[in-house]
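Residue numbering begins at 1 within each chain, and the chains themselves are lettered A, B, C and D in the order written.
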Amino acid sequence: MSWNTFGRALRMTTWGESHGPALGAVVDGCPPGLALDEQAIQPFLDARRPGQSKFTTQRQEADAVRILSGVFEGKTTGTPISLMIENTDQRSKDYSEIADRYRPGHADYAYDAKYGFRDYRGGGRSSARETAARVAAGAVARLIVPETTIHAYVVQVGEDRIERAAIDLATIGDNPFFCPDPQAARRWEGLVDAARKEGSSLGAVVECVATGVPAGWGAPVYAKLDADLAGAMMGINAVKGVEIGDGFAAAALRGEDNADPMRPAAPGRADDGPQFTANHAGGIAGGISTGQPVVCRVAFKPTSSILTPVDSITRSGEATQVRTRGRHDPCVGIRGAPVVAAMMALVLADHKLLHRAQCG
Amino acid sequence: MSWNTFGRALRMTTWGESHGPALGAVVDGCPPGLALDEQAIQPFLDARRPGQSKFTTQRQEADAVRILSGVFEGKTTGTPISLMIENTDQRSKDYSEIADRYRPGHADYAYDAKYGFRDYRGGGRSSARETAARVAAGAVARLIVPETTIHAYVVQVGEDRIERAAIDLATIGDNPFFCPDPQAARRWEGLVDAARKEGSSLGAVVECVATGVPAGWGAPVYAKLDADLAGAMMGINAVKGVEIGDGFAAAALRGEDNADPMRPAAPGRADDGPQFTANHAGGIAGGISTGQPVVCRVAFKPTSSILTPVDSITRSGEATQVRTRGRHDPCVGIRGAPVVAAMMALVLADHKLLHRAQCG
Amino acid sequence: MSWNTFGRALRMTTWGESHGPALGAVVDGCPPGLALDEQAIQPFLDARRPGQSKFTTQRQEADAVRILSGVFEGKTTGTPISLMIENTDQRSKDYSEIADRYRPGHADYAYDAKYGFRDYRGGGRSSARETAARVAAGAVARLIVPETTIHAYVVQVGEDRIERAAIDLATIGDNPFFCPDPQAARRWEGLVDAARKEGSSLGAVVECVATGVPAGWGAPVYAKLDADLAGAMMGINAVKGVEIGDGFAAAALRGEDNADPMRPAAPGRADDGPQFTANHAGGIAGGISTGQPVVCRVAFKPTSSILTPVDSITRSGEATQVRTRGRHDPCVGIRGAPVVAAMMALVLADHKLLHRAQCG
Amino acid sequence: MSWNTFGRALRMTTWGESHGPALGAVVDGCPPGLALDEQAIQPFLDARRPGQSKFTTQRQEADAVRILSGVFEGKTTGTPISLMIENTDQRSKDYSEIADRYRPGHADYAYDAKYGFRDYRGGGRSSARETAARVAAGAVARLIVPETTIHAYVVQVGEDRIERAAIDLATIGDNPFFCPDPQAARRWEGLVDAARKEGSSLGAVVECVATGVPAGWGAPVYAKLDADLAGAMMGINAVKGVEIGDGFAAAALRGEDNADPMRPAAPGRADDGPQFTANHAGGIAGGISTGQPVVCRVAFKPTSSILTPVDSITRSGEATQVRTRGRHDPCVGIRGAPVVAAMMALVLADHKLLHRAQCG
């Protein structure tokens, strides 16, 4: 089955293919009375937009969003918000030579096995272009959780991982890599450019931190905050791993080293809740936020579209080889950062509403 | 909000607390006509059952399951299957001294922040005891996907990771660690026993492989097979990370090295589908199974209950320290293996039914 | 598919068959901190309980409810509330002679067509005995909407309909028919007793009124308050029609006669909202409550189990006749009244929480 | 909360307001490989389209549908189908005089009470214009259930009810009332025209019959086929009552008179299933289809927009009167017929897929 709705209280339904006339999202359950217009959404789409540097695909898309419903006199009405982005640069001919064969590492074979058809135009629904709709919806979600601040940034490209101490969130926007370490950003220029020239590709790791999340969000035991985040992140194109807090590193720790000790609230700051002297848990315990920063990390595989020929088969089952000439990101994880942030916003907004439903 | 139903077409609703009279699961949507009785479920519960070796908690629970509905004359009827497990060894007094303080690393504070109460009896609903219900429901799910074989096993305890070459699935049941490497199993005896004696605890990584999954299961783009697996696994108590296929390692690969080349089906085996010469993707592309083995890895943090005192606060916000004397697993990830397998079975069964709904 | 969960924010999952060991409900999403014990539920079950007069089935069931989870120290915890009712009087032998034939008007044939089996023991899952679980869950739901008062009562038995002017809600409990008109109650004694003696059966209409519902509950456009009520009521065994407000009579009215004029709030009662001088709409406009009493009416068909032989077929398709000797209600609509009230409570509680999620 | 998704396996999400730029539906879960283009949808929209006779609103809308996704090379792909209809005739000025007051009988007050705003442009989201999206989605749903034939027609306008014997389904399209009785159609011309001239309005009853529904569709006990139909129909604008089969009339019947006797399948027609010699149940027993025609009846109240002044209040709570000058249907139930048919198609298609999920 296809299942194109995300969320429980705040629900986003997306539609559209890479090379259809448009794509979009319907956001349902948004509280009324929030100030919203296209200008509140567009900057997030611009951050994700392709074609802005030589480090991303050269597909040129304005990615201009239109709000078709759910807003009246500049405010949300509580009714569904329909967002539409027209596709303008759909050079389908690029894909003609792979119309009848499966691109390894892509969803081509799996989609055909499931649905019995081959939409060869850039992957159709499986294209990462769909994430534009998520980013637009995520911008709406952010309005619902103004108490939070969400940063997503790339902490690893290929084998080059930045040092935690070097992270300076203020510099994320200063480079085309959403990199919080200016030195690493310079290194990555060479790294990504070389991969691009070689027709190769690189993986990446994106980290996302949300501060200001109050204690109490999360819906155990099957819509835990961390479980919903994991599902949200793993569902992004090219993602193969998700960690909360220390993640896999926690498996190698002893209990004493993994503890997050608590201390009384700071004097005169009782409303801030207790102070934690560590955050191995990434701000979530038992599937519920603790009031600490919510931290997750997301691993992106290298783009499957490469110029090196790879063994494959045709739709009729014969041996062939595929090399992909289309316009692609040499490191798809980079443009994944705004998508990760959008999914974080959607999950947090959903859980704020869910929490309010039960606990008032 | 609490949200205690898992799945879309096959739905499991669980209930029960660590120290209440019983816990259970209602499994809805199960196809009719499948042979089912308590004996088909009990072995899976026995594998997860505590108190069987000195390496797990000494809580003694028979974990005997009763089927209360949904089965008639030895076969499923298509109506909801109610499974109940009575709690028999509920030594609540163990917890009296932490009744008014929060155990660091546990869900105590988060639950109180959310719901405004403190069920100090072993964590109440947040206890890993709830996973017994998942294992029981997972046994039902397995009946729905007889074409698959699911193995879950521990590949890392603390810092000790087994070699891939050493994995022999036939040996998983020969040791108390669900370890597929007999040599590692012997090492872990010492490791876990030492941690137990020291009142410390260890993390672990569980790997789960499902073979026999046909190409085509998965519901893009918001119920992708890998996204649903990630949500299912991250929702297990103490889990902090999930990987599909190469996972985080894929982030460090180049596109050429991450490719999963395809070749025509073996002669006379057209029904088996194409042959893949690698499985970096872990059997899932675009959120849909490819016919290769589905592979995921799950990181468990060390048990938070340790004898070392950790700074904490009382319910009224005063500084205190907590050391946990209760009966606990020194390495909770070990008993996590049967739970991981159960969640894999539940996700696969759900997606088999979902696929059938849309694609016949 | 079977689908045994009702509700969106407050969710009830029921299980159990007429002649299994027990039946029950899991109530999920209930706010924490509400006082709850078995005594808060039992009176509602007692009102629905069979065997209390000669006007209902002679099956003797204590219908004693047990709370198995979700309550700690007398209060709801916010975690799932598991309710169980054991079946004690399961005289299955009564059904032996219809084991291989379909009872006309019952769900026997339809269940077999769907699931491929015949649970001849009193209808199995299709038995109205399942509604005990709804009544128990409905008692929990009432705790969530203490601002409302819900009355359900029988306004028609067979062709005998009471006059609106004769309705006195204070008398509902004074007779075995949930009849708000003492004179009608006396007439119905004869009517129902005659039907019982003749082995015949009668239909009925139940009306349900909820006062105290504030304006603003309802989730347009696909979970409107009236739509959810209609689905809830039509899903009760033997129900064939549902009306809100004037219902079918409204179809014969002109716009002027169907208007519900509004006037300003009474002096000093601004919080009560506007005054309406009519309530043709039954307290719901555009799928949202208006603050007026919510009114619905529910039509029950006559019990299908009658002593008159009716043409039928066997499982193998041969002609036969069926007369049903079991213990049955001569007028199933009577015991439907507490079930209608329970479903009203469940829908209102669900929508209170849904409203709170979006609108704070 | 707003809740704008309908269905479980086949899911329709609609968006749009009466006077926004457009409205639409996203249809998710549709099987792949079905032939679909705009021409397959447009005739259903044309049937519902306003402005085609003096008996309906004079708003002129082309209601031209565009398919924006989910179709490739003329066939459904299994991915979400986005349908959009632009609003072209949005004379908002008509509504200026009611911008600050509530129209009695409309959802104006209820929406304001819920969401805290007043979209005075023709009712905003609460307008029946939203049903255009349902009709478009319903046309897609029909493709999923080609084994069925669905007819919806008006059986009562005001107090004038047609005789069952006079029903001739072949004549439904011959008059502007979806009336299956040519003589009644002529009577209704005068009736509706008089109401229109007087600035009054009339209610109506629509009947819908689906033939060809196989036995076995329906998802007890909380997504019974009849319960889902009731919810679907009651959620249509202006609907106040729903009946299945004999409906409220069944309440006045005795068991013998309400029985639907069964006989063996006709010789050589075993696949057709048993023959029923009556259909009081309307083709549904225990919430599951029986193979007989599925029959429901739906009561529409008279349009609330009338020229007679009705007492009302302003947003600030002062007394006023309202008479509605906009362009309205004098009998909204008439154009309700295509909407009823669309909802029948959506429910049947949903349940076909649900049944297939569980029962193969």
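Criterion: a residue touches a chain if its C-beta (ideal position, glycine included) is under 8 Å from a C-beta of that chain, and two chains touch if they have at least 3 such contacts.
No experiment lies behind these values; they were computed from the predicted model shown.
Counted by residue number, the contact pairs of C-D are over half the same as those of A-B, the matching pair from A-B, B-D or A-C. Annotation: A-B is the more contact-rich of the chain pairs A-B and B-C, by number of C-beta pairs in contact. One simple way to say how far apart two chains are is to compare their mean CA positions; for chain B and chain D this gives 45 Å.
In terms of their C-alpha centroids, the spacing between chain B and chain C amounts to 39 Å.
Chain centres here are Cα averages; for chain A and chain B they lie 26 Å apart.
Annotation for chain A: residues touching 2 or more other chains are 1-5, 9, 14, 29, 32, 78-79, 114-116, 125, 220, 353-354, 357-359.
If you sketch which chains touch which, every chain touches every other chain without exception.
Considering their complex, residues 9, 29-32, 78-79, 220, 353-354, 356-360 of chain A touch chain C. Taken together, the chain B residues at the contact with chain C in this complex read 1-5, 9, 11, 13-17, 20-24, 26, 28-29, 32-33, 66, 68-70, 72, 75, 77-82, 114-117, 119, 121, 124-125, 353. Interface residues of chain B facing chain A in the complex, by the touch rule stated above, are 1-6, 8-9, 14, 102, 104-107, 109-111, 113-116, 123, 125-126, 130, 156, 158-159, 195, 200-205, 214-224, 226-235, 237, 239-248, 250-265, 270, 273-274, 277, 280-282, 284-291, 299-306, 308, 310-313, 317-319, 333, 354-355, 357-359.
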